[in-house]
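In this document, chain identifiers A, B, C and D correspond to the written order of the chains, with residue numbering beginning at 1 in each.
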Amino acid sequence: MNEKETGRIEAFSDGVFAVAITLLVLNIKLPAQLVPALFDDQHLWRELSGQLPTLFAFLTSFATVGIMWINHHRLFTHIKRVDTGLLLLNLLLLLLIVFVPYPTALLTEQYALSPGQHAAAIVYSGTFVILACCFNILWRYASYHNRLLGKDVDTRAVIAISRQYLFGPLVYLAVFGVAWINTPATIILSFALALFFALPGRALRLEPFEPLEP
Amino acid sequence: MNEKETGRIEAFSDGVFAVAITLLVLNIKLPAQLVPALFDDQHLWRELSGQLPTLFAFLTSFATVGIMWINHHRLFTHIKRVDTGLLLLNLLLLLLIVFVPYPTALLTEQYALSPGQHAAAIVYSGTFVILACCFNILWRYASYHNRLLGKDVDTRAVIAISRQYLFGPLVYLAVFGVAWINTPATIILSFALALFFALPGRALRLEPFEPLEP
Amino acid sequence: MNEKETGRIEAFSDGVFAVAITLLVLNIKLPAQLVPALFDDQHLWRELSGQLPTLFAFLTSFATVGIMWINHHRLFTHIKRVDTGLLLLNLLLLLLIVFVPYPTALLTEQYALSPGQHAAAIVYSGTFVILACCFNILWRYASYHNRLLGKDVDTRAVIAISRQYLFGPLVYLAVFGVAWINTPATIILSFALALFFALPGRALRLEPFEPLEP
Amino acid sequence: MNEKETGRIEAFSDGVFAVAITLLVLNIKLPAQLVPALFDDQHLWRELSGQLPTLFAFLTSFATVGIMWINHHRLFTHIKRVDTGLLLLNLLLLLLIVFVPYPTALLTEQYALSPGQHAAAIVYSGTFVILACCFNILWRYASYHNRLLGKDVDTRAVIAISRQYLFGPLVYLAVFGVAWINTPATIILSFALALFFALPGRALRLEPFEPLEP
């Protein structure tokens, strides 16, 4: 198998990411479907401002899935070969990506109806803990002894990614702890973490000493 | 990072545009879902002709998203390299593209039920003001000092795009003003603007003098 | 603009075709949503066999959209260059492709509820008349004086396509006439026509004499 | 027709697989839509644990469609050319892929409401029998006398795939038999079979003797 294979696994993953991220908008329900016939401007403005938490949850899930695409894209800059293990691990990762709209909708719905409750926030942040683990497993499987990386791989970038990803499950586990106590804090922390993982590992200066020349 | 990167950002964006533009059709509800059992021909024709405003809103959103795809395609003819900033700005743009079906549905619903009201038209045209700004920011980020453009870039085309895009937020702001007064005019003007941005900047003779040889 | 451009217009069109063809399955509603609590086997078998017309309409629309993809694919084997006109005509074609699930759902619903009525069949077959016209316009725009075709174009294949497509609007217009009289005949004829257009023009021996050597 | 054609048939298939696999998540309904206003934590946890069978059906369908994508991907590593027959057989295969969410939803719904009944499990496993047949027909059409394979084809891999695929319809037929008796066993066996087909034919040592040097 050769570089052409990576092309198709990327195309399929791009498709799944694209559909999953677009389906998120279906969670934003029209006010009309909730309270029909209340469609004069005054009522509509009030309805729309009542939807701001929904919009923020949509924004957070969009940012999370979008930035996971950026990370998937970044990993596959280095991954050059494909084997059955990688295909299956990638499928597992996509399974969780595709699942994200469900806990998002759950969180949105519960927070709108009973803001003092936490079950949905726990499911929501738990999903991200598992997602962070999947990203780690996929990356470590591919990068173990450079198994599926290119020959001219940028060793420093690989090490930077490995370090940054080590933090992933830990910090998402911390957010998971917060979810048992406070729902808005869970959403805001998830959003902040998404932005953190948008930055390339190297930009974060996670390597204080320069370990290896490429 | 190299030209191959642009390939994948384009593939992901194409996927998101394709899903978002296809989801628009879900806004056209079957008459059956509104008035069941009224399915003999006479009633159906009346129902269908009552849906013409919905069809026109669908057409406008389709044209808008489709022509934004043409513009995205045109920009990435010139953009050759990718960095984290571009990935994030592109994600912000896609966020708004994905959002378009929601204000479209809102506008459709409110115009059908209370045509004298304007809240939905304001949200609808406001979305396009923000979208036009995002296109400008993405383009200016990429074209600033030719940061992410190819070495053999067509300088005149770049200048033509920059000029045409300067008008974008201004004219959409004007439509935003109209939205506070008249909903049908908002839809028609949005449609006309979409067509305007379908034309390449150069075709519009925005440059009366020939500023630079390529 | 060069051959690379065709790549992206094809990718976007592939995405739209793929989403539109997959959304068709959403028209097959679960019996549960119609008659809840009737979920023992006897009732379910009866429900499912009652859904056979729906399944056949799904099959017809799937075949139609799928074979339109095959035709789009065949045209773009010959089309090598892109201009704004082609982008807009392609967008118009995709608009109609995306619209197909709506008349399909309408036809399914009306035929199930009042089989003696014809309004939905008229809308359904009318859509295909317009689609056949769009295919013709797109192809004649691109092939006029070989405007957007490659230099090494297969002239006989081009002529064969032009002839086969000439029949398109005419035969779909005949089906449109049938739709005013008989709904099942409309569905069956549409299905047969889809298969006809699956065959490459040359296979049909539309050219009795060998007009040109390539 | 040449290798470029395979590119586009793969892109379109990737798109259809990606949309179909992502639409599966829509089958997981929010508890809110079933029992509104029961959104305090205790009720929600109970609701969510009641959804575990739905989640497992989602998982099985996701694994099945995902692994069918892996198989499609594996076949098209060997298939290099395209003709009208392949386009139509591929469309038939995609028709069944796109259909998978429907029997999945049916199975989920019936098993949740009347677990002792089997109609949905029969439809579900029947779909997989037909799918396994379609995969066989597509592969035998393409590999017959190496019709559409590359010149430098890996003969042993081709034989291994042909042998592994021979088992497909037989084992799915066995599961189809089980479906008349026991629904949970049907789901578990379908899941196990999906994993079996994830492994490449060669890894299974289906060829005890080394029949041919490549």
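Quick note on the criterion: a contact is a pair of C-beta atoms (placed from the backbone, for glycine too) under 8 Å apart; a residue touches a chain by one contact, two chains touch by 3 or more.
Note that the coordinates shown come from a computational prediction; the quantities given were computed from them, not determined experimentally.
A.B. asks: What are the mutual neighbours of chain A and chain C in this structure?
C.D. replies: Touches both chain A and chain C: B, D.
A.B. asks: Have a look at where chain C meets chain D and say same if over half of the interface residue numbers show up on both copies, different if under half do.
C.D. replies: Both copies touch with mostly different residues.
A.B. asks: Could you tell me which chain lies farthest from chain C when each chain's centre is the average position of its Cα atoms?
C.D. replies: A
A.B. asks: Provide the C-alpha centroid distance between chain B and chain D, rounded to the nearest whole angstrom.
C.D. replies: 37
A.B. asks: Find the geometric centre of each of chain C and chain D from their Cα atoms only, then give the gap between the two centres in Å, rounded to an integer.
C.D. replies: Using C-alpha averages as centres, the distance is 26 Å.
A.B. asks: From the mean C-alpha coordinate of chain B to that of chain C, what's the distance rounded to whole Å?
C.D. replies: Centres of chain B and chain C (C-alpha means) sit 26 Å apart.
A.B. asks: Residues of chain A that touch two or more other chains: which are they?
C.D. replies: 11, 14-15, 18-19, 23
A.B. asks: Given the complex with chain A, which residues does chain B contribute to the contact?
C.D. replies: 1, 5, 8-9, 11-12, 14-16, 18-20, 23, 84, 87-88, 91, 94-95, 98-99, 101-102, 105-106, 109-110, 113-114, 117-120, 123
A.B. asks: Using the touch definition from the top, list the residues of chain B that touch chain C in their complex.
C.D. replies: Chain B residues touching chain C: 10-11, 14-15, 17-19, 21-26, 28, 30-32, 37, 39-41, 44-45, 48, 59, 62-63, 66-67, 69-70, 73, 76-77, 198-200, 203.
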